[in-house]
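Chain nomenclature is as follows: A, B, C and D, assigned in order of appearance, with residue numbering initiated at 1 for each chain independently.
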Amino acid sequence: MTSSRLETFSDGVIAIILTIMVLELKIPHGSDLSALRPLIPAYISYVLSFIYIGIYWNNHHHLFQAVQRVNGAILWANMHLLFWLSIVPFMTGWMGESHFAVYPVVCYGGALFMCAVAYYILARTLVKHHRENSVLVKAIGSDFKGKISLMIYLSAISLAFVNEWVAVALYVVVAIMWFVPDNRIENRLTRIEKE
Amino acid sequence: MTSSRLETFSDGVIAIILTIMVLELKIPHGSDLSALRPLIPAYISYVLSFIYIGIYWNNHHHLFQAVQRVNGAILWANMHLLFWLSIVPFMTGWMGESHFAVYPVVCYGGALFMCAVAYYILARTLVKHHRENSVLVKAIGSDFKGKISLMIYLSAISLAFVNEWVAVALYVVVAIMWFVPDNRIENRLTRIEKE
Amino acid sequence: MTSSRLETFSDGVIAIILTIMVLELKIPHGSDLSALRPLIPAYISYVLSFIYIGIYWNNHHHLFQAVQRVNGAILWANMHLLFWLSIVPFMTGWMGESHFAVYPVVCYGGALFMCAVAYYILARTLVKHHRENSVLVKAIGSDFKGKISLMIYLSAISLAFVNEWVAVALYVVVAIMWFVPDNRIENRLTRIEKE
Amino acid sequence: MTSSRLETFSDGVIAIILTIMVLELKIPHGSDLSALRPLIPAYISYVLSFIYIGIYWNNHHHLFQAVQRVNGAILWANMHLLFWLSIVPFMTGWMGESHFAVYPVVCYGGALFMCAVAYYILARTLVKHHRENSVLVKAIGSDFKGKISLMIYLSAISLAFVNEWVAVALYVVVAIMWFVPDNRIENRLTRIEKE
């Protein structure tokens, strides 16, 4: 089975996830600027999730670049990732609607955590079935950034009970970590890890 | 007419069906964990339908792998399948909203039954127009799993009037049957059938 | 400019139009079968529109099969068609919600009429820019079926003021006319025209 | 990284943005023609935004025609454009719902302005990474039309505080400027600029 239809399908699902989030920005009934004010938390969580979904699309794109063929295990590992990504719009909406209350912030982090776990499983499944494919194995590497993201998510979820904004700040940190071009940060972090 | 545009279009429709189901998970107004409790049935039915739609996409993918050209009959058999798949989000939402009441569970089973019938018709139409294509004919085979699924759906619909959860359990059984890699289960079942 | 990206984009838009119509089937709050009864008109109009959108996708597919390159005029003629197709879900919802009242039925017919006009303009624009392409010119032909559809829509819109169901029946007639394989009906009609 | 998957993904997102705007045309409860009257502003703003999104898709298509490979910077510049395009449905809905009140008209202009800025950044990023690609550099050119659009948007936003309809008229002017085939208008404008 070639990977191209899996990529097209994943692109479709990710494109829809990205776009339906904007439907949670409910059109206000007033026509003053003040009518937009209650939407600010929803807007902030939309921006954050848009960047996260963008990062996942970007990484998904990278992951499958060196892959030609997929099997059932890869297909379902991919479906599992799409499932958790599809939960993100719900959590984004809840976090925005609740104006960043503790539990929605915790659950949002939980969704991000599960997306990261699903991505890790997908990457491992790909490596398992393409051991001979050195380009892929190298591209995935030790996935240091993925592991540290999981740890930051767990810290954020715990710290949310102290202060919600610390958790949100940590979600932003992870987004920045993935957003900034790889070579710089990753090299530095790997060096720290080695020391 | 080449099959690639039909596959792309079907992928698009299936991707949207998969994703709009999450819109039925209405964002709660409260910000406690307890605000999520009434959503549990909706969440369970979402997970079940996500897996079903995933299975259909997977099988659709397999079906068209050996097909190069399609005609009007195949095109409309495919549209018919997409129609019944598009009914699944509605039934999923109703089953979730009603907390798995009898009639929604029955109708959900009815939608799954019609999807399976539509898939069977599509497979037969493909075989009819590609008799010479031995790869396709072999891939579809006697479609034992498809036939037994139809029987389980009918049993589930009848048993729902006794206990809704028996029906739901049977829907889960069919999903597992398709989810688990083919060769194992199918070989065993075919052997049982022969005895 | 190659036509493949235009086809992919149109496929995407048509797939979404097809699928968002199901969102107008609002999930009932009751859990009896009787809770589905008020949805029957919405369901009927959904089925009719699903078939119409399916026919347009099918015909669009045929139209672009013989086309390799597109220019600005073709691109906007295509956008114009997509615009009127995007109005169909709204009219479908209104016709269903109003239980086939006169004006919604008339407006639904108006939307179908505009889709047919837009399709005609697109076909003419393609012929104008691909005069040398005999496959395309032959495929479009005199477009007898297209012209008769326009006349039936106009009759339906007028007759809706006498009886809504006559109009709905005529919409069904046009759908059947396009649904049934071309050669039979079209040959017969062309023969009638010649006599 | 090839540009084809980026184009497919962008097509998907733009197709969804185009189509979900129609969801803001809420189905009226009445069944008279008068029930449609309150929807006229929403309809007008839908038409305007449909044309704008169509223009962006068209221009995006042109931009990537001469591009084969993309890097991280291009990918995120593209995401940035998609983000601002995704804000358009919200602003369209608000402008329509408020019957073209001052602030919604201003914010709509702000969204168009940001889309134009994001498009400009994307074009510059492409030129920066494909300096040797003379087809692309020539296709983007001095982007005179892009610059004048930004100026008209700013004027429209200011003039909206005098009269909302002047702003709306200016948005229509920009749309016409992009809609009319390039060579005519652009040549004329460039000549005016030179004088």
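Rule of thumb we're sticking to: contacts are C-beta pairs under 8 Å (C-beta built on N, C-alpha and C of every residue); 3 or more make two chains touch, one makes a residue touch a chain.
If you're wondering where the values come from, they're calculated on a predicted model, not measured in any experiment.
A.B. asks: Rounded to the nearest 5 degrees, how far is chain A rotated relative to chain D when their C-alpha atoms are superposed?
C.D. replies: 90
A.B. asks: How would the chain A/chain B interface be labelled, same or different, where same requires over half of its residue numbers to be shared?
C.D. replies: Both copies touch with mostly different residues.
A.B. asks: Could you state the distance in Å from the CA-based centre of chain C to that of chain D?
C.D. replies: Once rounded, the distance between the two centres reads 28 Å.
A.B. asks: Using the average of all C-alpha atoms in each chain as its centre, how far is it in Å between chain B and chain D?
C.D. replies: Chain centres of chain B and chain D, defined by C-alpha means, are spaced 39 Å apart.
A.B. asks: Would you give the residues of chain C that are in contact with at least 2 other chains, written as numbers and ranges?
C.D. replies: 8, 12, 16, 20, 23
A.B. asks: For the complex, which residues does chain D have touching chain A?
C.D. replies: 1, 5, 8-9, 12-13, 16-17, 20, 23-24, 72, 75-76, 79, 82-83, 86-87, 89-90, 93-94, 97-98, 101-104, 107
A.B. asks: Name, in rising order, each residue of chain A that touches chain D in their complex.
C.D. replies: 7-8, 11-12, 14-16, 18-20, 22-23, 25, 27-33, 35-36, 47, 50, 54, 57-58, 61-62, 65, 179, 181
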